[in-house]
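Listed below are the structures to be examined.
You will see two complexes here that share subunit A, one where it goes with subunit B and one where it goes with subunit C.
Moving on, here comes the complex of A and B:
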């Protein structure tokens, strides 16, 4: 899907846990996620901490969308 | 023992009637072998003979398929063959479809073994590979010798009721069937051998080929993310509670488009996951963990992004065919373009 969205001309960021699959599939902007069943969360954290963590990941995704890339790039969450 | 009887099907070109200008001719029956039949029969070494050959124009067959199939079936049946061979068709599309269709029909109606041959990208290969044995050939008639040899060998095996090996052994196009077999070496030895080959830059054959993936170059970045309209997409199967579109838990046959007008956050009362490939309890408890709508709403209010597109798209990425996923995204991307969406956040589990 990520590739077809890109092909349609819309910049797209892929947030996923298994980045090697994303690289194989052909995503160009990739942000690593937390875990397969909760890519943007963590049940071990408090609700507030969890949301803070989600903010960081989405913020990284927005940064990826605003960044020029020439090749497949993984943007690590700070 | 007398030789096995074979009827052979070929097109107008190999029947030496003519090229494209003769592709309209209806089927005709000739006694004995014609054209490529000579090469096939040479490989039978007297164990089988081609008793008759049906020659039909490619356009005629494809434009009048039902009628042509019946006419040809009657011709084949009359000759009382033990086996039916069609082609090889190489990469000729209509010929490949004719060979596949005719072989499958003869197998179904006369219940005799059938063999054809074609190039892997011939549309006939994809259409009929699961029904019949299609020897994998080169893409042009330059591969006739090799094709005739392999088709004849497989035909003889079937005639003699011998065990047919795997696609890699007999060189037919894989039928998508999994067969249990015992390898001579155990897995660890095979893996190490493969690795050694790879390290030495020598050829090796994977036991688990990955599908072909093509590449799309990255688009330029979003110029002003603070004004951009952003859409959310997921393969994590997030759907409104109750899964109104009945998206399947694996090998999804569809995607959903869900209104998030005024929705601030995906709660356990309103959303859940339809995905059958991961533990759903965390996503069911809070679907924002898969589709981060709550955070994106905050960013929208804080002016960090322009707006959120009022629908999100979701499917289940669990054993779902690449072809299906591709089609879903092609489809909803048209809407995203039309609605001036400038960026997409796609999440996967």
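Moving on, here comes the complex of A and C:
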């Protein structure tokens, strides 16, 4: 899906846990997620902390979308 | 470590007033075994059935398969850290009711449970069509939640296997096989010219009913470590898995790992089988990196010449597999991986979720997406109510005439990633 949407001219950021698979299949902008069963959440955190964490991941994804890349790039969440 | 496995062949199971073995028949008292199993207060009821090779019988949904064994000499007891006290097993003598198996079924725990057909086309794909199976149909009490239910059926299977294994304690085995796993330096001294070969066994540990236990410890909370293959023969590793039926390792397969047995056969002849390493398959990327790093470090530290890596399950563990392969290869060690494939029903899709150029030698257990038609059976142990929702099934896959279509994924052991099966391309 990432590649097909990009083929249509729209930049895509792939948020995923197992970034090596994303690299293998050819995504250009990749943001690491939390874990496979809960990519954007974390049951170990409180609801407030979870929201903060989700916000960080989404902000990193938006930053990645607006960043020019010349090669496959993993944008680490701060 | 030196372990003798004494085999008592079993070719038949019958119900009787008391439990014992005579000739090659295993007689089972339902009353005695019920008493053992109903210790677990989460069980509402348990019933028993016998499924023999050639019967027109289907068992589903299958959770685990376990071989009855008993420790008769040496430290520890069967399933250490789980049923017996924690103690190092793998030495002395163990008796095996060879040909018998305990199979657990009943209300579904997770959606990834399997089918065992005792005859017909499905029987070709599951190795457990060739064992004499005592099947436990377990009904949990109302209100028992999913993870407790999984624990309950897992323990019931182990308790039943240990109970039956105990019947072999005083018996004279028909054959005895000896497995000796030497300390590393001794092994190298004895076979200085043979290539040092290790086995990296990956254990399913994704959580959420996808777990494996080592001496009672949840494998996802472990770092890779060395283990003697004889410890595993004595039940040090057990399955707590509701992963796709075709490529998970039931406890029986841990007890009888063909990779280990084949390496022992060639040990001292054309190779030196001097290391077995167990590692996990977790759901955090950091865990995958940490575990594959440690596995490769151990292989490098031992200066192995070649390593066989077996995967358990599929999908994201393909990444653990590739990381292990690449990092071990980077140490200058030759690698072969054993996996299976999810290549689509026509076999034309990408087989694995991940790939790496270092992975240039691979053995496959087959394509789990291949579709098979299973005929109607005279007898169903458990229930066919779930054949449409287990992994490998789909809505309305049961026809009016009673035939069922499934992907091989739904058949217990069909694409075993340790080669525990009878089908091959040769």
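The definition used in the following text is that the second predicted complex is superposed on the first by the 78 of 78 C-alpha atoms of A that agree within 3 Å, B and C clash if a C-alpha of one lies under 4 Å from a C-alpha of the other, contacts with A are read in each partner's own complex, and residues count from 1 in each chain.
Just so we're on the same page, a residue touches a chain if its C-beta (ideal position, glycine included) is under 8 Å from a C-beta of that chain, and two chains touch if they have at least 3 such contacts.
In this text, all values refer to a predicted model and were calculated from it rather than measured experimentally.
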When subunit B and subunit C are modelled together on subunit A, clash or fit: clash
First, second, both or neither for A:41, with subunit B first and subunit C second: first
More subunit A residues in contact [subunit B versus subunit C]: B
Subunit B versus subunit C as contact partner of A:32, first or second or both or neither: second
Contacts of A:20 with subunit B and subunit C, given as first, second, both or neither: second
Of the stretches 94-102, 274-282 or 328-336 belonging to subunit C, the one that collides with subunit B: 328-336
Doubly contacted residues of subunit A, that is, touched by subunit B and again by subunit C: 17, 24, 36-37
Interfacial residue positions of subunit C with respect to subunit A in the complex: 206-208, 283-285, 288, 316, 318-319, 322-323, 353-355
Subunit A to subunit C touching residues, read off their complex: 17-21, 24, 32, 34-37
Subunit A partner contacts - residues on subunit B that touch it in the complex: 210, 213-222, 225, 228, 230, 233, 235-236, 278-283, 285-286, 288-290, 292, 294-296, 298-299, 304-305, 315, 317, 325-326, 328-330, 333-334, 336-337, 341-349
Complex contacts: residues of subunit A adjacent to subunit B: 1-17, 22, 24-26, 28-29, 33, 36-41, 43, 50-51, 54-55, 57-59, 61-62, 65-72
